[in-house]
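After this come two complexes, each holding chain A, first together with chain B and then together with chain C.
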Partner chain A sequence: MIKNKKAQLEIMQSAFSLLIIFFIIAIAVIFFVVQMKSMNNQKLDQFLIISQIKKSKNIALLPEVQFTSENIAVSDHYDKAALMAFKEIIDNNQIYYRPLFQNVKLRLDEYDFKTGWKEQVIFDYSPKQFSDMKEFQIPVALTDPEEYRKSFGVIYLEVYS
Partner chain B sequence: MEIIGVLFVVLIIGGGMIFFLASKSKIDTKQDLSESQLSQAILNAILPSTTDCGPELSRVIENCYGKNTLCVNSCKYATDKMLEMMDGSLEKWQKPYRIYTNKGGKILIDIDKCGNYTEKVSSGVFLIPQEKKNIVVTLDICKI
Partner chain C sequence: MKKAIIMSQLNWIYIAFVGGIIILSALTVIGKMKKSSEYNLVSDIKIYLDNILKNIQLSNKAEMDIKLPDVDVIFECDSFSIKGQQSSGLPISDNIIFSPRILRDKMFGYSLYWNMPFETEFFSYVTSPGVKYYFIDEPYPKKLFFTFPDIDKDLINFTDSNDEIKRDSGEKNYMIRIITTSAPTINKEVSAIKIEVITDKETFPDSFGKVTFFEEESEASSFFMDKATLFGAIYSQDQERYECNLKKAMQKLNVMSNIKRDKITEFKSTFLYCPYDEAIGYLNEMIKATAPLKTDQDSLMKIYVTAKKIKKENLLLQRLSCPMIY
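Moving on to the complex of A and B:
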């Protein structure tokens, strides 16, 4: 009778030990999966952000619209006449520009000392359906080459994915 | 009984680890990258802009520390126009800011929209060279 009870206790002890091992393994697996998922999400987010920044840099550094002084491009400085002409250039050369910009909308807000802020769309390649949109604001100096007047503007870049 | 105790401890540790991982804050890469040079880019763009009364805005600020006669009242004109420019940019993007001019400790233009947010995210400086003491225009973007 006593031997039977002792054996029962030993079986229970073994069962509990197995249960603990099972729980430890389960927790380790959950821990690993959660960590992997979190890392993958972070990598995906960073990849998306980097690709969006790349697109914004593509546009910000376009030689077609940059202001040049003695053939040297001035950073964050745009030629207003070139920017307006770019509207037409992009319409006539969609085969080249469309794959370069993909799903992007570019608009310019310009501050005029007399009339205040005015907005104009340079081009709009925004898709009808999208899952994510990030807006980049690029403060720029604009120069009107005809009157050589400088003004403050903001280029809004909406990148869709 | 001891085994149940051990099991309980293991469960608590496991639960704690999962909770820690789930609540770990994400790094806002975009914000870090875009805001680092924002204030400097704004200052570089607004100060050389040509005003409707003739000179560049930096010249108007320069006059504010002198005769104060350009565009009727240089100091008031520069303050009003900078406020309008900020309304259409930083204010619109809901970024609190402070823009001020300083010449040897004398602050004549000071637009402070930081309110209770005193910690700076980025700071830009534009120097207007003068014979004696330079005029320093500073734009601070505050952390929300």
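Moving on to the complex of A and C:
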């Protein structure tokens, strides 16, 4: 009877240690999965930020709207006439521009000494549903070649993801 | 006694079973971690390389030297990927990148603005230290040699070229490109570009000409319109990739010409004394020439000639103190 009890105890001991081992393995697997998930999320965030910066660079240096002097682009200087032409062209060239900019809204706020700030949307590819939006502000000089007039403006770039 | 033997055997079976499970779990986790770290490395390379490529593109005329991790980067016209990885490549449709198919160890980057005749798009050029460029000591390649970025390049005599190339081909250089104006000798590692200038010989490399891509088993021709496109041909693996990028550039030129035309059409009503009609006509010609995205001699020659006309009109407008096209 005593021997039987001892054997039962040993079996229970074995089952219990088996359970503990399984439990440790399960915890390790859960820890690993959680860790991987958080790493992937971090990577995704990083990727989103990089792609948003890339888009802002793309737009800040668009040859379509940059002001050129002697055919050399002047950085942070936009040609107002080209900007207006670009506004029209972009609607007719969605096949070309949509994949390039993706979910982006570009707005120009121009400061006029007489009338103050004037806002105009150059293009709006903002999606109806989005999880994140980053706004980039690029101060630019604007030249109106038609009136030989220079002004100041801010490009607001809203990048959605 | 018998029970003790059975118990001892059961214990051993139990140890073997549990040990097996632990080893199996550890191996699975290690395998998964290895796979995941490989995936992370590949995605890191892709993301950062994409950003580096953008920086190369936007740094006009700046030469960049970027160390690559221990992987081969495969460049196609519309995407790049990592050799041996099944994951899809990252698209580079918005960048115009001329490069050999494989980049290894390092990436040498260079960029030029494509002026046709106005600033249209950045052209990026990337290559690796394993790609060697031989410029044959003939007038055009020699002129090109001195304007070419400071990468692994040499100026050699045509008569010595075979010995020099034999010495340099092998493990160090996985690709050798000869730039010449005469019939080249080629083999598996050695490819060549033959340049024939058709018009404006005196302004070379800003002239119009033919480039023939010689590879081991094939020979194909295309055309260049200026230094930027000629560099593109030299950097490109083959004619197909070169023309694919050229088409992307033409698409952009078409959009740019539309913008310039619309811009000066607005000027026309304000500046009645300025002769904008000619310029509008030439820009319309440019739009028409670039729209079909054709890369044959006639189409590219048309673009080249129209660009020259627009340039001339722009100078005329400048002389008349009119707002210019660009």
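What to note about this one:
The definition used in the following text is that the second predicted complex is superposed on the first by the 119 of 161 C-alpha atoms of A that agree within 3 Å, B and C clash if a C-alpha of one lies under 4 Å from a C-alpha of the other, contacts with A are read in each partner's own complex, and residues count from 1 in each chain.
Just so it is clear, a contact is a pair of C-beta atoms (placed from the backbone, for glycine too) under 8 Å apart; a residue touches a chain by one contact, two chains touch by 3 or more.
What you are looking at is a predicted structure, and each value in this text was computed from that prediction instead of being measured.
With both structures placed on the common chain, the touch criterion links A:54 to chain C but leaves chain B unconnected. In the superposition on chain A, contact is made by A:29 with chain C only, not with chain B. Once the two complexes are laid over each other on the shared chain, residue contacts for A:63 go to chain C alone; chain B is not touched. When the two structures are aligned on the shared chain, A:100 is found in touch with chain C, with no touch to chain B. In the superposition on chain A, contact of A:46 is made with both chain B and chain C. By the touch criterion defined above, A:91 lies against neither chain B nor chain C after alignment on the C-alpha atoms of chain A. In the superposed model, A:132 lies in contact with neither chain B nor chain C. Comparing the two interfaces of chain A, the one with chain B and the one with chain C have residues 17, 46, 53 in common. Every residue of chain A that touches chain C in the complex is listed here, in rising order: 3, 7, 10, 14, 17-18, 21, 25, 28-29, 32, 36, 39, 43, 46-47, 50, 53-54, 57-58, 61, 63-64, 66, 68, 71-73, 79, 81-82, 84-86, 88-89, 92-93, 96, 99-100, 145-146. Residues 3, 7, 11, 14, 18, 21-22, 25, 29, 32-33, 36, 40, 43-44, 47-48, 50-51, 54, 58, 93-94, 113, 115, 117-122, 251, 255-256, 258-260, 262-263, 266-267, 270-271, 323-324, 326 of chain C touch chain A in their complex. Chain B makes touch with chain A in their complex at residues 3-4, 6-7, 10-11, 13-14, 17-18, 21-22, 24, 26-27, 29-30, 33-34, 38, 41-42, 44-46, 48-52, 56, 81, 84-85, 88-89, 93. Those residues of chain A whose C-beta lies close enough to touch chain B in the complex are 13, 16-17, 19-20, 23-24, 27, 30-31, 34-35, 38, 42, 45-46, 49, 52-53, 76, 109, 111, 113-114, 116-117, 134, 136-141, 149-154.
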